[in-house]
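Note that the chains are named A, B, C and D in the order they appear, and that numbering of residues resets to 1 at the start of each chain.
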Amino acid sequence: MITARRILARSEPWVLAAIVMLSLLIQARSGQFFTGNNLVDLARALIVPGLLSIGCMMVIVSGGIDVSFTAIASLAMYVTDKILLQSGYSGNVLLAYAMSGGFGLLLGALYGFLIAFLRLPTLVVTLGTGSLYTGLMYGAFAASASDVPPSMIAHGKEILFTATNAKLGLTSEMPSQILILVGMLALAFLLLRYTMLGRGIYAIGGDEAAAERAGFNVRLIKMFLYCFVGALAGITGISRISMMAYADPSTMLGMELTVIAAVVLGGTRVTGGLGTLTGTILGIALMTILANSLILIGIPTYWSRAFTGAVIIIGTGVTARQIASATGRRRELKKTKGGGA
Amino acid sequence: MASTVLKVEGIEKSFGGVRALKGVSLEIRAGEIHCLAGENGSGKSTLIKVISGAHEPDAGWIEIGGRRLTRLSPIEAISHGVQVIYQDFSIFPNLTVMENLALNMELMDKRAFMNYRRARAIAARAVSQIGFDIDLDERVENFSVADRQLIAICRALLQDSKLIIMDEPTSALTKKEVKALFSVIKDLQSRGISILFVSHKLDEVFEISERYTILRSGENVAMGSTDELDRSAFAFHMTGREFSEESYRPAGPRGDPILSVKGLSRRGCYSGISFDLAPGEILGITGLLGSGRTELVETLFGLTRPDSGAVEVRGNRARIRSVKEAIRHGLGYVPSDRLTEGLFLPQTIERNTVIAVLDRLAGGLGLLRRKAVAETTARWIRDLSIATKDPSLPVRTLSGGNQQKVVLARWLANDLSVLILNGPTMGVDIGSKYDIHALMRKLAAEGLAIIIVSDDLPEVLACASRIIVMREGAFVRELDPASTTESVLSELSTGVA
Amino acid sequence: MKKDQNLARLLVMLAVVFALMAALRPGQFVTMANFGSMMRQFPEYGIMAIGISLTMITGGIDLGVVGTANLSAILAAKLLIGAVPRGAPPEQALPFVALAALLALACGLACGAFAGLLISRFKIPAILATLGTQQLYTGIAIGITNGRPQSGLPLLYSNLGNTEFLGLFPLSFLIFLLAALAIGLMLSRARFGTCMYMLGTNPKAAQYAGLGNASILVRTYMLSGLLSSVAGLIMMARANSAKAEYGTPYTLQCVLIAVLGGIDPNGGFGKIAGVTLAVFILQFLSSGLNMFNSISNFYRDVIWGGVLILALVVNSLLARREARLAVRRGARATRA
Amino acid sequence: MKRTLVVMLSLILVLVVAVPFFGQTYDPMKFKSSKPQSAWKIALVPKDATNAWFVRMEQGVKRYAKDTGINVFQKGPPKTDAAMQAQVIEDMIAQGVDAICVVPVDPAALEPVLGQALSKGIVVIDHEGSSQQNCLYDIEAFSNQGLGAALMQVLAKSMGEKGTYTTMVGNVTNASHNEWADAAVAYQKAKYPSMTLLAAEPRVEIMDNLDTAYQRAKELFKKYPALKGVLGTSSLSTPGTARAIEELGLKGKAFVTSVGMPNENAPFIKRGTVDAVMLWDSAEAGYAMLAAAVAVLKGDKVANGIDLKAKGWNSMQFAPGSTKVLLGQSWINITKANVDSFGF
């Protein structure tokens, strides 16, 4: 049964409401929100955080937390970029994706092993691997901003369509990488909803011991999860540098906390077990729209960070309150109903 | 002679130097209801885990399906038709009822994909077996403990089982639910399924089982047919001690009421509750789960706020808006869920004991006086005969009964006027149960006012000086335990004559 | 028992790092100059690491420490710059220096109280709430300064801040020691410390035991804020100025220190002694690596991350071995 | 905690005795080293270790080591952060280097630690830190005013000396970025009356991120259709903004210039989206800083016209009224004509 109360006890409607309010505010302040090119710009800005949020959400659902996925994305894409540049490779970009995804998978497998088989706490392990991977990238590979191979430049120029702003005549191009986001979302959706592996991720997040007893192979599921997250991060890295035609090793570092915040804002429970892709994408969309509309709203540059902080606090506060009260009401109801049974 | 479903012989198992099982044997025949009894820590749970393949025994063998094995994997156990319903139910609180019911089946069938239509069919079949009416799309965490238990039972029934092991299945169930469960068990038996019923409640053992095995300290102490067992022998085998439950006839209330509740109501929980409590009284409040009994005492203890009504302590209006204020008014509360609400499991016994009286043990600058802390702890360990070698060990190393005593000690260390106990002996072994009952009587005799919230009717009858029955958030009737019986209480609780 | 083993392991780690650096760079590492340099460096982030550790013990985290430190320092700097004319004699500046310090500490307390309220009253997950406060405090700091450094502090302030006792111990180092001792004492001996551990172990049981969860949380985050503002004052003395973004990379570094120092990220366990040792290890590594001209500073991150993971793995393997040995001992006892 | 507070405050009050670090002036001639040249050790501390700019600077350092045989090395903090940079300098002092060359993240934040270095007889040479007090010399590729003006000249030419523009910095907390931007705005006010600074958003921050530069530029052009120019001070401003201009279809209508690296900007310059970016070669700057430090150590007199033996740094002149700040003539306009000639 889908009841209004059950819907209101989730965070998706509240985040959606916040997005609508924010959009209306931007529209009112700039007249530029609901224009084709602005929406395309926002969609483009959503690609990288959106891709990262998928893996981040899956890890949190499984009861873990990962703060190293941006380090994986950076290291995997940087090594790939360097290898391809030095070998003078000029072929298909798919190889770059495969390579970077592969490196990401290996890097993910390393901490996946520590988490799944040695049962070490995820936050600590990923803090360690995050530090390790960024250190390796800057230390061993002496990373600094670099060119990208021609295949990636071409890939970055693949455009799906061009949207024109009727009023100003400005145009924005929808990059083909949005398809990767859509594809990954679809893949993750199918995985999480229709495979036992995906249900296992939720089951582990709910009660790991129970999952083991039920016959889930908890270790393999976790191992798979972190490999998947690593591969996804590696792929994200290539999308990012292709779109910018420029491989800056630091371009994604530091995004991890914002992505985690967006995922939690989207209703994923910090302690695991609950979380939807819809909520995740709404959460990351809210954060992306906010980050990319401060000028449109007209917040002075010097106050933009204070404004962002205030919105995060108010947004998460309201969401937390609403869910708490909706859940509280329902709990009471269940109790009295249960009493009669 | 009936054929044997499962037989274990000479099982040994040690954890970290502690021998949990010392050569235990058990035989379960086809189609029988067999009771495995023993106090907490006697090795029952370990034995179950060996049978279900969760633990590998250090020595001994298991005979199942005509084969003699030295170890068993969980999958093998299940494929041999052994199903366990654990005490914690092993369910996923974050998933829907439907998924909880269907996932195990699907995993057994080695399915890689989730088919929601098939899952719904499985779930519907599962709940229909015991006529359980529940919303399949609701998340399990939103249901009561009793409902969760039934979900776990429905799930176990789905498998093509030869043997269902139920680990203390009734500990969180009300009388009515226990009855329903027993009829389900009988029904299963009639289908030829054996049941291994793990319990330490003697009424249940006598009511349901045909044969029994009793463990104590990891060893077999008795086995045989239930017909040939009497109550005192049962208690003796379990504990190694002789008990006689003297019936308690308190002196009755002494002096003015210390706690008066006047027309207390909270929407959706209880309404119009009024009663007085005098020093030396033990007030029993009984009712089914969801009758509002727990909600009522949680309000008294400041955990929730009433919508209307008043509470008076020693004749003065008391506004209890937080637990701290309740403590200041001399109230103490032993919650029903010891593990999550009562104890800080990985912390030391000492810290768990003194946590509510830290104020009094702190000297200048809020620093604790170590000696005073140690003395207080030692005193309560002695007074309540808590069985531990070292108070600096984590409290989770204690048995259930001793853990409950630690929670009690925490409140007794305060100068209490009113002690509220919610399910004081739930999941506690017989020995500790007698200890706790005796302690309550002693405290009442010393002038403490006590409220026991319990659906363990013999307990309420044995301990309380008066009994109030709650149903659907209201007081139904007040009774004198001397002139009432279990069946009267049970009828009043359920509203069914 | 187990936790003391953790301390022992940290000590061994510290000794190994020390021995390694001392062996490879004897003329540079084991010198008064180097120890003096290290003592001036770690107090600011060490104090913040203690603050974060406190919040982690209660099962939360405070990602807002750096924002709090900078905002506090900027307020103090604004007051000093505004109130004390350039070149004013020390006697004239002193009361304002004291006032500015008090203002900074008050700001730290207020910042912490706000975060604590968000977490305890509004039930926002700590990681989210303090990510928000970090943005907010840094944002306010940028907003009121337009991001410019606040310099031109009275001479007295940085002279005080850079005073060395006995020509050896910088004031900031002594403040760090005092803070570590006071907080360590509070955690191990005080009523409040015990309450923090208990709350971090099981918030629900803490509620039923009447500890007053909300008030404990608010006070914990206030304490973290207070420590952050002290760190802010130290940074201000070291930099002779205050700025919205000094020390931004310290946040994650402090979390790393707390974790390596043995603070359980799930709450309930951990000691300040461990955190202090972890601070020393990081500083030894960092200063030691600066003595190798060809080794990039990023190897510090590599070693740091590697050490953290290695410590975890060793801990877990040792625990397993212990369990196995215990089983074997048990089996022997059975036969005997 | 109360006790800590009380103790701390009383300590502060008791200890009015102060060791002076500031306000002292040092005579460069007194820094002549008595050690043989082969025993000298000179550290160059950049803002961070990863930025392409400083990676290039290290090439100059290596070249200097090869040319002279003196023990010089570059050692930067892991992240661009003033507090972390101060820590690296602390360690350098402790190691007993003879000279420190520094590109300060924030000159103000380094005063105490550099003061300490000077008081120990260590030569301190700054670059991009003309406000630094505690240094013997600050060598600049050009004056802040000069660079600001030069950038404004490029932008003004592109915009036809009229229209609305705004400034874009790497971080609002970046001191030199702000100074250049301020100088550019001042130059515009004096020289180009038909140009106006966008009042609503006079300074935009891109968080030192190329993608952010691109996003911010898009926002700007959407919100302010009258905006015709962006003057950047971060090297990421031009590639980010130029990309936005091309995509929005504003090529030829909106313009951008900034400090920038040739290879990052080459495609935009060749396509004509960008007319020119400004550059000085950080490798040469690193070389020149070391040369200045060595001059002091040798006891050579630093005077107008000194040759620091790096391209564009051959005839340094003191800034008007200063005995510390030395200006070179080393900025380069990178245009379509020379963009491919640099090799970096």
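As a working rule, a residue touches a chain if its C-beta (ideal position, glycine included) is under 8 Å from a C-beta of that chain, and two chains touch if they have at least 3 such contacts.
Just so it is clear, the model here is predicted, and its values are computed rather than measured.
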Length of the line joining the C-alpha centres of chain A and chain B, rounded to whole Å: 43
Chain A and chain D, separation of their C-alpha mean positions in angstrom: 35
Cα-centroid distance, chain A relative to chain C, in whole angstrom: 30
Approximate Å spacing (C-alpha centroids) for the pair chain C, chain D: 32
For chain B, residues contacting two or more additional chains: 365
Of all residues in chain D, the ones touching two or more other chains: 3, 49, 78, 172, 205
Multi-chain contact residues (two or more partners), chain C: 142, 146-147, 186, 296-298, 300-301
Graph class of chain-chain contacts, one of line, ring, star, complete, other: other
Touching pairs among all chains present in the structure: A-B, A-C, A-D, B-C, C-D
Of all residues in chain C, those that touch chain A in their complex: 63, 118, 122-125, 127-129, 131-140, 142-143, 146-147, 252, 255-256, 259, 265-266, 295-306, 308-309, 312-313, 316-317
Complex contact set, residues of chain A against chain B: 1-2, 6, 193-199, 202-203, 205-207, 209-211, 213-216, 269, 272-274, 330-336, 338-341
Chain A to chain C touching residues, read off their complex: 67, 114, 118-121, 123-125, 127-140, 142, 257-258, 260-261, 264-265, 270, 302-310, 312-313, 316-317, 320-321, 324
In the complex with chain B, residue positions of chain C that touch it: 185-186, 189-192, 194-195, 197-198, 201-202, 204-212, 268-269, 323, 326-327, 329-331, 333-334
Chain D to chain C touching residues, read off their complex: 1, 3-5, 7-9, 11-13, 15-23, 49, 73, 75-79, 81-84, 86-88, 90-96, 106, 108-113, 116, 171-175, 178, 205
